[in-house]
Amino acid sequence: MTSPLLSVSDLRVSFQTDAGVARAVDGVSFTVSAGETVGIVGESGCGKTLTALSLLRLIPSGGKLAPSSRVEFEGADMLSIPERELRAVRGRRMAMIFQEPMTALNPVLTVGDQVAEVVRVHTKRSRSEAWALAVAMLARVGIPDAAARAAQYPHELSGGMRQRVMIAMALVLEPALVIADEPTTALDVTIQAQILELLRELRERIGMAVLLITHDLGVVAEMASRVLVMYAGEVVEEAPVESLFAQPIHPYTEGLLAAVPSLALASQTTQERLRTIPGTVPPPTAWPSGCRFRDRCEHAWERCATDAPALVQVQPAHRVRCHLVQEPERRRT
Amino acid sequence: MLSRPKRAHSSRVVARLLQSLFVVWAAATAAFVLMRLAPGDPYTTRIDVPANERAQWSAQRGFDQPIPVQYVKWLRNLAVGDFGQSSYFKRPVLDVLRDVLPRTLLLMSLALTASVLLGMAIGAWQGTRVGTTGDSLLSTGSLLAYSVPEFWLGILLVQLFAQSLGWLPASGMVSTEYEYLPLSARIVDRLRHLVLPLTALTLLGTSLFARFQRSSMRDAWNEPFVQTARAKGLTERGVRWHAWRTALVPVVTMFGLMFPSLLGGAVFVESIFSWPGMGHTAVLAVNARDYNLAVAAVIVGSVMTVSGSLLADVLQRAVDPRTAA
Amino acid sequence: MTPLRYSRLLAGALVSTLLLACSPEQQPLDTREEGGTVAIGLSGEPASLLPPLVGSDHEQAIVEVLYDRLADIGPALATVGDAGFTPRLASSWQWAGDSMSISFTLDERARWHDGQPVVADDVKRTFELYTNPLVESSQAALLANIDSVSVSPPRTATFWFKRRSPQQFYDAAYHMFIAPAHLLQDADPAELSLAPLGRSPVGTGRFRFVQWNSGDRIEVIADTTNFRGRAILDRVIYRLFTDVGAAVVSLFTGEIDFFSPLPADDLEKAGKTPSLRVVAYPSLKYQLMLMNVRNPASVEEPHPVLGDLAVRRALSMATNRERVVRAVFDSTAGVARGPTTGLFIPENATLRELPFDVAAARALLDSAGWQIAANDSVRAKNGVRLRIEVLVPAGSPNRDRMAVLLQDQLRAVGAELVLQRLEINTLITRLERANFDAFMHGWNMSPGLVGLRQVWTTGSFGGAGNNYGGYRSPTYDANIDSALSSFDPVVAQRTLIRALQTIIDDAPGIWLAEDGAIAGMHERIEPGVLSATGWWHGLPSWRIPADKRNDRDRIGLTPAR
Amino acid sequence: MSRRLLWPLAALVVFLIIAAGAPWLSPAAPNAIPTEGIIASSPPSAAHPFGTDPSGRDVLSRVLHGTRISLGIALLSVAIATTVGTLFGALSGWIGGRLDAILMRLLDVALSVPRVLVLLCVSALWGALPLPGLVLLLGLTGWYDVARLVRGDVFALKDREFVVAARAMGTGETRVLWRHVLPHIWPTLVVTATLGIAHTIALEAGLSFLGLGVQPPQASWGSILSDGSAMVSSRWWITLFPGIAIVSAVMTCNALGDALRETLAPGQVAA
C-alpha cells in the first residue's frame, strides 16, 4: 500500500440534537487502494452510510465534522478543498450509487437526462454527445433497448432497471472510486445477483476501486477483498475478507456471521443453530461507556464497562477493537 | 404497445372535457333555479299596467310558459351566448361581458403571473433554508400578506401611493388624457394604472404560492435525489433546480385552483379601484338587482374555474411525467 | 327664516362671482379664448342618454349639453308666461289669441350633429315619446296639460293645451329636450332604452358626442359649427365613478377637474388644497324620507304602518331634523320646511312645521294604539310591528348617513328602521311599483311649482308622475291646482301656502335638507355662475384662461389616436 | 406546547376576551349617536382613541363590539360548514361507489363558482340579509373543503385494520363510522375549521364593506370600515382601525391553523 487512492483518518461526524450530541461517526480510519474493493459492514444506525457520505462531503445539514478528520482522495483533502474542486471530484473521480433507486433518481426527469447530466456537468461535450454517451452507458449496464429507455422516466422502469440507471450514472465517467451504498438492498433476490454481477464486471473493465457499504455479509463475501465492520460509529474489526470469515475475532462480527444463514452453515467454527444478536444498536447520543458493544456482548466483563478498547493489530492486515484480544480467556464458549 | 396508452389518453381528455361541460351546465342550472326562487318575479310589472297589457308583455318574454319550457329556451339561448338583457346597463348582457371581461382577464392574468413568479421565487428560496432567520421573516411576511383582505389593502394603497404621495393614480384603467397621448406614454399610463390594483390582487396570491412552494420545496429538498444530484458534482444551483423541478408539481396544481380565489379578489379590488371589470360589474349588478347579469357572472365564474382546473391538469401533465400515463 | 333662504341663494352666487373676480387674467372675449378640456367626475353611469329617459342627475348633466330645449328659463327661474325665457332650438314663438296654443318656429340654422336639419316633426315625435306611457318618462306628468303637438312643415310646431295656465309656455318649452325623429323611427317605445341613439346620442347642443366607454368615460367636444356658436371649452370628459369616495380621491389627485356635490366631510381638506377651489351654489334639491302610504301588497289599501297618519306625524316629530342636517351637511344645507326648497316658499308665508318633540311623538303613538310590548323595544299594533324598510340609494353617502341617524333617533320612540341599500335605477323601479315602505329621497325640482304637482298630487301616481308614496289629499290637489293655474298672484300664493300646510300636516315624508350644493373644481376653471337648475347648465360657457391651461387643455379638438 | 402554537392561541384568547367583555371594555355605547353637540367624525383624541365615525360614534367602542359580531359570525358559520362538510364527506367516503361519484360531482359543481360570486348573487336575489341569514349563507357556502378532506380521510381509514376488525366483530356501520373512524379525522377538522374562521372573517368583512353583509345599526369590522370608505380622503381613522382588527384576527387564526397543522399533522391519519 504505497499510496492509497483514498485514505480516511479519524473521521468524526456529530449532530446537535434535542437529546444531546450524537457522535454518529466517531473516529473512523481506513484506506482504499486503486482497484481494490473494500466492504463496510454493520447494522443500520452504525454510521456506515454517513461515513460514505462524508467521503464526498455530503454530510446532511446539521452534521459537524471534527477538525481532525481527514479524507484524502487522489492527494486532495476532500474535507477542506474549495467547493469548486470538490464538485469536479464528485461524479467524475468519486461517484456514488445510492440504496434506493426509486427515490435517488429524480422522478420528473428522464433517466437519459439524468445520466447525460453527469457528462454535461463535467465535460465540455454537447448535449447530443452527452446523450449518446448516456445511451451507450445505459446499454453497457445491460438495459435493453437503451435508446428508448433513456427517454423514459424512473417510474416507468422496474427496480432492477432503475438500479442499473443509478450505476450507469455513477460509472458513465469511469471514476476511480465508486461508493456503493447498499446497492442491492431494495431489490429482489434474483435481481440482486444480477446487479452484483454487473458491478463486478464493470469493476474489472473500468479498473475502479469500490467501497461497498452493506449490512449483508453475503454481498461482501462475493465482492470485497477487505472488510471493515462498523458498530456504533466505530470500526470494530478490519480484515481481509478470507480471514474475517475464517477467524472473526470481535463478538459483533461473530454475531453478524452467525446471523447469515448460508454463511452460518458454511462456517466451520460455529456449527450451531442460527443465532441473532440480542438487543439493538444504542442511540448515537448515548453510546455506552467503555466498549460500545458490551450491552449486547455475551462475553462482556467489568473491564468492558470502564475501558474503551482500542483498535489493535492482531495480524498484518487484521485489526480488532476488543479486550478479548488481550484476555482471550474471557471468551465464553 | 405504444398506441394503447395514447388512445386511453385521448379518451381521458374527452371525458375530462365532458365533465367540465357538465359542471358548467350544472352551475348555470343552479343559477337559473336560484333566479326563479328569488322572492318576487324579476319582471314584476308596474302596478298601474292593465292586466291584458301585462299578459302581452310577459308573453313577449315567454314568461307565460311553463318553467321547464322557459328553462330549455334559456339554456338554448345560453348556448349561443344570449344571456338576455342587462336591466342595469340596458344592453344585452353579452355586450356588457364583452366590455368588462377582457379588463378582468388582463388584471387576473397579470396578477396570476406575478403571484406565481414571485411566490415561487420566494418559496423556493425559503424551502432550501427552512429555519433560518430569512425564512422565518419571509414566513411571517407571507402570513401577514395572506391575512390582509384585498379591499383593505386597496384602501391603504390608495391612501398612501395615490393620495399622500401622489405617485400613482387612484382609480380607473387609464388617465383622462389617455387617448390623446403618444403610444409610449399610453403604455406608461396603462402600466401606472395597473400598479396599485395589481399589487392589491397579487399580494395574497404571492403569499399563497410562496407558502405552498416553500413546503413543497422543503419536502423535495429532503428527498434522496437531491443528495444524488450533489454526488454527481452539480453546483448548488443545479441541485436546487433538481429539487425545484419536482417541487413544481404541487404548485402547478395550485395554479388552476387560484382562478376562483382571484376572481373573488377581483370583486373587491375592482370596486376599490373603479376598475370597470367583471368583478366591479358583478357588484353593480347586485346593487341593481340585475338578475341576468348576476347569473351571467356566476356562469362566467364557473367557466373560469373549470378552465382553471383544466389548465392545472394540462400543466400538471406537462411537469409531472408520473401523471401523464 | 325665509330671507335666510334667499340670502343663501345670493351668497352662493356671490361666492362664485367673488371667486371669479379674484382669479387673475380676465381677458376680453376673443377667438383665442376657446380651448381647454375639463374632466368631470360623475358618481354613476347613465343608463341611457335618450332625452325622454333622463332620470338621474348624471344623465341630465350630459343630455343637457348634447340636446336643446325649445327655450331656456331665465336666471330668475320665472315660470309664468314667457317672460325671461330665451330662445334655444326655437328662434321665436307665437301665442294663439285664446292662449290655447303656442306655435314655435325652429331656428333655421339648427342642425343635428349628423348634419340633418332640425324639423318640426322632431318636436312632435319627441312629445309623443315623452308622453307615451310605455316610455315611462319621469317628465310625462309635467306635460300633462299639453293635449297634442301639430306640425306645419318645415319648422313650425304648435302645442295645443288642455286649458290655460300661467305655466303653459314653460311646460311646452322647458321640460323636453328635442330628439331627432329621423333616428328614432324604428324605436319601440316599450324598449326605448335599447335604442342605439341612447348610447350614441345625436343632438343639437353646443357639445357633440364623441364616445362612451362603459365603466370609464363619456366624452363630448365642442360642436364647432353649432348654430348658437361653439362652446368655449374644446372638450369635456366625464369620468364615470360608482362611488363618491373614489371620485373625491380623483379630484384631489387631479385626475378629474370637477366634482359636485362635494361631501361636507371633504370640504375642509379641499379648502386647504391649493389646486382646488370650492364653490357653493344654490340648488333646487331637497331631501326627505319619503313614506309610502299605500300597502305594497295591494295598493288600494293603506300601508299597514305608514298608512296611519299618527305614525307619520309621530315619526316626523321624533326626528331632530336640524341635528340630522347639521351632522351630514354641516352648514352647506338648510332644514327643509316642506316638500320644496325655500326658494319657492313665499317670503311672508307662515307655515306651522311639526315640532321636534319626542315626548309628544311617544304620546301620539301610544294614543294611536302603537304600544311597546314587554320584552320588545319596537312598538306594535294588532300584531303589526312598527318596522319600516328604508330604501337607500347605494353610492349616496349623504343619504346613507341621514338614514343611519334617523334609524337612531326613531328607535327612541320604538320604531325600527331597516336600511336596504339599492342601486338607484333599481330602487326607482321599486318605487314605481310602490313596492317599498320608505325611501331616502332627494328630489331635484324643476324651476317653479310644477314639482309640487309632479311629486305629490293624486294624479301623479305611477307612470303619470313621481308620486311614489301615493300621497292622496283632495285639499292639497285643489290648492296646488289653483296655485298653478291662477293668474292672480295673490290667489296663487294663498292657495300655495294652504297646500303646503296641508301636506306638512299630513306628513307623507320627513322633510330633511334643502341643499345648497358645493362643487370642488380645479382652480384654473372659470365656470361663471353655477345655476340652481344644475351645475352643468352653463357648461358651454365655462372657460379656462389661456395662460392657465395645462396638458389636458392642450388636447384640443384632435380626435383620439 | 410549542411556541408556534402558544402565540396565536394567546392572541385568540385576547380576541375572545374582547368579544365577551366588549360592553365593559368599551368607553362608549357602540351605536350611540351623541345627543348633544355636533355629530361629526373627529380624529383620534384622548376621549376617542380611534376617533369617531361620521355619525359621531366612538370607533374604538364599535371595533370592540364589532369583535363580537365578526367573530360570532365566523365561528357560527364555520360550525355550520364543518358539520355539513363532515356529514357530506363522511357519507361520501364511507358509502363510496356510485353515491360517492354523484356527491363528488356535486361538489365539483359547488366548487366551480367562486364563493364571492355566490354570495353576491344571493344578495342580489334576496337583498340585505338579517344576521342569521348571513351566518347560514356563509356556512352553507363554506363546507366544500371540509367535505373533500373528510371524504379523503374516511376513504383511507375505511380499510384500515382496526376498522375492518370493528366491522368483523359485528359493530353496526353507523357505530363504526362514529366511534372508530370519525375520531381519527378531528385533526383535519380542527385545522380546516381554524383556517376557515380566518377566511370567513375576511370574507364577511368584504361583504359588509360592499354593504351586503351586516346591516346597520349592527356593526361588524367590515361595516364600520365601510362607513368611512366614502371619505377615506379626509377620515382615515374610520377605515384604518377596523382594518387592523380584521388583519390581526385573520392572521391569528391563520397562524393558529398553521401551527395546529404542524402539531397535529392531520395529513398523517390518511397515511
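As written, the chain order gives the labels A, B, C and D, with residue 1 at the start of each chain.
The criterion applied here is as follows: a residue touches a chain if its C-beta (ideal position, glycine included) is under 8 Å from a C-beta of that chain, and two chains touch if they have at least 3 such contacts.
The structure presented is a predicted model; accordingly, all values stated were derived computationally and were not measured.
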- Give me the chains shared as neighbours by subunit B and subunit D. C
- Item | Chain of greatest Cα-centre distance to subunit C | A
- So what's the Cα centroid distance for subunit C and subunit D, whole Å? 44
- Message: Please tell me the distance, in whole Å, between the geometric centres of subunit A and subunit C computed from their C-alpha atoms.
- Response: 92
- Note on the structure: The distance between the C-alpha centres of subunit A and subunit B, rounded to whole Å, is 53
- At what distance in angstrom does the C-alpha mean of subunit D lie from that of subunit A? 55
- Which subunit D residues reach two or more other chains? 127, 211, 229, 232-233
- Could you say which residues in subunit B touch two or more other chains, in rising order? 158, 163, 271, 287, 289-290
- Item | Touching two or more other chains - residue numbers and ranges from subunit C | 243, 249, 252, 394, 421-422
- Interchain contacts, given as pairs of chains that touch: A-B, B-C, B-D, C-D
- Task: Sort out for me which residues of subunit C touch subunit B in the complex.
- Result: 37, 39, 45, 47-48, 136, 190, 193-194, 198-199, 214-217, 237, 239-243, 246, 249-250, 252-253, 255-256, 299, 394-395, 421-423, 425-426, 432-435, 461-464, 551-552, 555, 558, 560-561
- Message: For a test of understanding, state which residues of subunit B touch subunit D in their complex under the given definition.
- Response: 19, 22-24, 26-27, 30-31, 34-35, 37-39, 143-144, 146-152, 155-156, 158-159, 163, 259-261, 263-264, 267-268, 271, 282-283, 285-287, 289-291, 294-295, 297-298, 301-302, 304-306
- subunit B to subunit C touching residues, read off their complex: 40, 44, 46-48, 57, 85, 87-91, 96, 99-100, 103, 158, 162-163, 166, 169-177, 179-183, 186, 271-274, 276-277, 280-281, 284, 287-290
- Report the residues of subunit D in contact with subunit B in the complex, numbered from low to high. 105-106, 108-109, 111-118, 120-127, 198, 202, 205-206, 209-212, 225, 229, 232-233, 236, 239, 243, 246-247, 250-251, 254-255, 258
- Task: Would you mind writing out the residues of subunit D in touch with subunit C in their complex?
- Result: 31-33, 38-41, 54-56, 127-128, 211, 215-217, 227, 229-235
